[in-house]
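Read the structure below first, then the notes.
Should a chain be cited, it is by its letter among A, B, C and D, assigned in written order, with residues numbered from 1 in that chain.
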């Protein structure tokens, strides 16, 4: 509704109020998110090192150096590793969390006794910070003291599980711990989705002679689409922000095998005093996120209109 | 946007005025010494200041060997609210000095004669443009080897003097079924070992050329390749499970007799003492073979942020307290490091401490005191981390020695 | 939860059911594992841990590490334990969660019930804002907080958390209110209720479930934040996670793992409590809105 | 000037005009029904009267006061929604008095008004309950109570009965009608159900595609539909449409078509108009309501113009009170309404009586009725 010139005061106020109410939030977001993104883009074209706009020359001054930070960035094998890891990590993390969450939700929805006990057990990891659960995982996965050692003391001496120490597999242990943290949350979202399905449809389908497998595959799971989409947004957001986990569990190692863009960005911006490169990596990351999220948001929001 | 940038730069420019948020007669100290012994040691300093009527506002931020604290410092400086004093290492101090953000402590330094008692190699990190800008607290030396005496004795191993001795000792241990070298596979630990190995392999001139002058020729030399080969030997003699291990768990392996040696800085001593081990009896400390005359160091310092042109009374008091012989002794006895000034009595130090002080004085006198590359005292953070990348990739088998040398040259040139 | 009438249970044989229970219990164990590691290690003396018994039950049981973590462990130069920082976190989390939830609710209300041109685009922009990496906002945020005079204050931290929590709280409430009958709003308009009266009297009383979801989400995220807490709080005003980090991280000091784990569990207690207390309504809340179009 | 005037009201969303120059004047005490298929604009028009959607151009006046831009709550109207829109968190009593509370009416007055309304609608016993605990019919009553208590100038109903089951719908329909008769209020009522429209209204506006197709009393709409749309939309079963040719023979005018065996049928018009005569030799569409297509005994005895046609019955559908019979005339399938005990059976030939007094004729090109 738009205010008309001939509207009475109450109507005009009522037409204005929603925008007034929304505007502080919008102002905050525009300034603190989009403003800062512009800021970062600008910094990525400077030779900033220890602080923004403080370049090689020392004393607050900087030079605009075009795309040279981006050139440097893509010449670093380190960055390539971070990008590859991100693809592996995000892909597996989102797929496994969704699959596991869905399976647990379906199982938990079978009139399970003790659901009230099991559900919080699945959910609680989301409540914990990785600053320390990372250490617990690190120990558990450590071949000398963790799982491998335990299984070996049980008598299966040829058992090995040393992924966290292996350059080629370490990223999968990060996936494991990340899945541990968020799959319960995804489970809750799917469980809610399942409970929202009209069970008359199920009765009808059962009368049609659908097998249990077909019932889920053809009738129930397709109806969980909104839950899948919400889960996707949340998981994608968590995947991109994964930082503490890597720092606490592997420190980016062995070698640089578990480096992710978030840790890369942090390291160049804050510990290597190459803020320009850090900013350019952030810009690339944002562009990647945008490339994935914008079509998704567009499709989602348009549909609902 | 424009306003924001203006704010950032003007915040820097206005540091002179803005730094004084910490209230009068109070110092705000940003540091990362939070574990029991360190914090207790720092508490000595706090007590000292409080006895002079100066309050201490504590701002501890641990993690990543000071990385988190440096991140927080950037935020504090940008917001125009820099702490009075900030714990810092090596090149970070010079970088901040270059910003003109630090106070000029020359007056205090002259009064107390810092120029005479602080080793020149260390002064290089405490002065910018001829001005004292920070107060050194201690000197850690990083080219130590820690050994379990019982394990060595049982296998008839004497303290190795040369790389060849060391190789023999390692092979003896290996044959005896003991893990020869306890090591934690984290980039900075790999680099700590590399520091010592490079020094031992190429000697002080090579070390200086490669790591301090960042000379491409030295970086790409055969000596460097040999250093990497030696790293490969060490890699072959650590247990399979080294990756990602905390350094103190590696130390625990030596303490428990599971391993023979560990290459680690002097802070490892705290772990031995904490486990009620006696230096000389239960464990040995000696310089990495082939570096007996050299000391690679890193030094913790407190840089003093400019508080409006003049050094405030509290800052002067803090700086002077930090460099007072009594604090230097008290602190370093607890911390495991040695005093930053060479004229402190070694009476309160244990055997390792005494040796450390002697080594430092000798190295300082003979020009054998070098900043540790692994601990950010040889080259700037960007270069250091670039070297980390290569060393750690090599140690984990990603590169062979030849590739590592090539990568090293490239990485250092990109990072400069 | 007594919603047996809405579940999608299927008829299954005994064997299948047993298998389902087995899988569920196995996963429960999987989820409990790290907690087990943390628990057992927080209850044993340090030599037992460094001696290699990290996975086994304590030989000597002790609650000493817990007491130490809470009240005597070294956080900075003072051996205060985590206790004083607990309140810092509470005084930051409560207003931040409350404000971001209320703003999220209002935004959701406007975006679904008072639609105007470009509202969908604006919402998309708010949602996309959730994805900004926190590392890049640190420095400009510091400049802004300094400019506003909020550096080193709890108010500044609250502002930061509100800003970066808005996207998700708006998302939750928008999806919830999207299925809330618009006719109710129209009826209330005809009845003469004002914009805020409609929100306060009609929508809010029905928003319980989604408020629970939003509060849980925000509470967890804000409570567990480290980066902002470390950067924008003063030393004494630092939140619990910063203190925990100072307790746990040390580069060159002795690592007391038992105390670390005890501290970690202590620091996580409020969030665990929120999950347990509000968790019963959590699935119901998700069900009521956030997973539906 | 009427009591409620809709004067050239137009509504567009962006460049799309969804309601085109609607002109309706409602008198005090009138019961106007807006009827049409979904998407015809009837609900939009109602919302515009309520003030829930603004008016792109034109005017809406209540008691001669221009309502454009006036806030819904200041128009002195009340609305009953399809979903009832009862506030789920309030009791029935609170639901009913919420509007009064918002208008600052003191509590004693509110309580009295509530008691009166509750008595009128016989919902006294429900006042403490929450909407969730009520049946569909009870909710409907509460929704009406909420409207009544305001004592508004105009009542607006938005498909209020469509969520009820068939039996309840008929009961509530009767009740709304009674209420209107007893209180004499002005009502605008939206529905897609033409039976509701016929039974309740004093006047009907049939809408389609954003246009008012015809505005008139139920009888006018039913007997003399303005065009093919109104003719087919109103009435159930709907009007039979037969292709025919106009033949003029002196004063008499005939519609020529054929039976199901191809035999010629000539149906003479009753009092043919000059307009119709001008269609001589042209094709037209002949409209016959089912109740005008009967068995001979069931034909309207007062009608002077009943034509008889022999034709084969294809389907019979006994409905208890009547029997609906399907047959084919002029190629079109036609439904006739016969007495319950008419002697017909599928496949058998029978004689149909067509009441030509009620026949209407449309121009197949313009779809308008030929006057």
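Operating definition for what follows: a contact is a pair of C-beta atoms (placed from the backbone, for glycine too) under 8 Å apart; a residue touches a chain by one contact, two chains touch by 3 or more.
None of these values were measured; they are calculated from a predicted model.
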item	value
Fewest hops from chain A to chain D - one hop per pair of touching chains	1
Between C-D and A-B, the pair with more C-beta contacts	A-B
Mean-CA-position distance for chain B and chain A (Å)	36
Distance from chain D to chain C - Cα centre to Cα centre, in angstrom	56
Length of the line joining the C-alpha centres of chain B and chain D, rounded to whole Å	90
Chain centre separation (chain A, chain C; CA means) in Å	15
Contacts with 2+ other chains: residues of chain C	52, 139-141, 144, 189, 194, 245, 248
Numbers and ranges of chain A residues touching at least 2 other chains	1-2, 10, 14, 35, 39, 51-52, 266, 270
Residues within chain D bordering two or more other chains	51, 71, 73-74
Inter-chain touch pairs (all)	A-B, A-C, A-D, B-C, C-D
Interface residues, chain C side, partner chain B - complex	47, 50-52, 73-79, 138-147, 151-152, 227, 230-232, 234-236, 242, 245-256
Footprint of chain D on chain A - complex, ascending	1-2, 4, 6-8, 10-12, 14
Contacting residues of chain C [partner chain D, same complex]	181, 183-184, 186-194, 197, 201-202, 205-206
Touch list for chain B against partner chain C, complex	4, 7-8, 11, 18, 21, 28, 30-40, 42-43, 46, 56-66, 68, 71-72, 74-81, 140, 246, 248-249, 252, 255-256, 265, 267, 270-271, 274-275, 335-336
Sites on chain B touched by chain A in the complex	1, 4-5, 8-9, 12-13, 64, 67, 70-71, 74, 77-78, 92, 95-96, 98-100, 185-187, 239-245, 380-382, 384-386, 389, 392-393, 395-398, 414-415
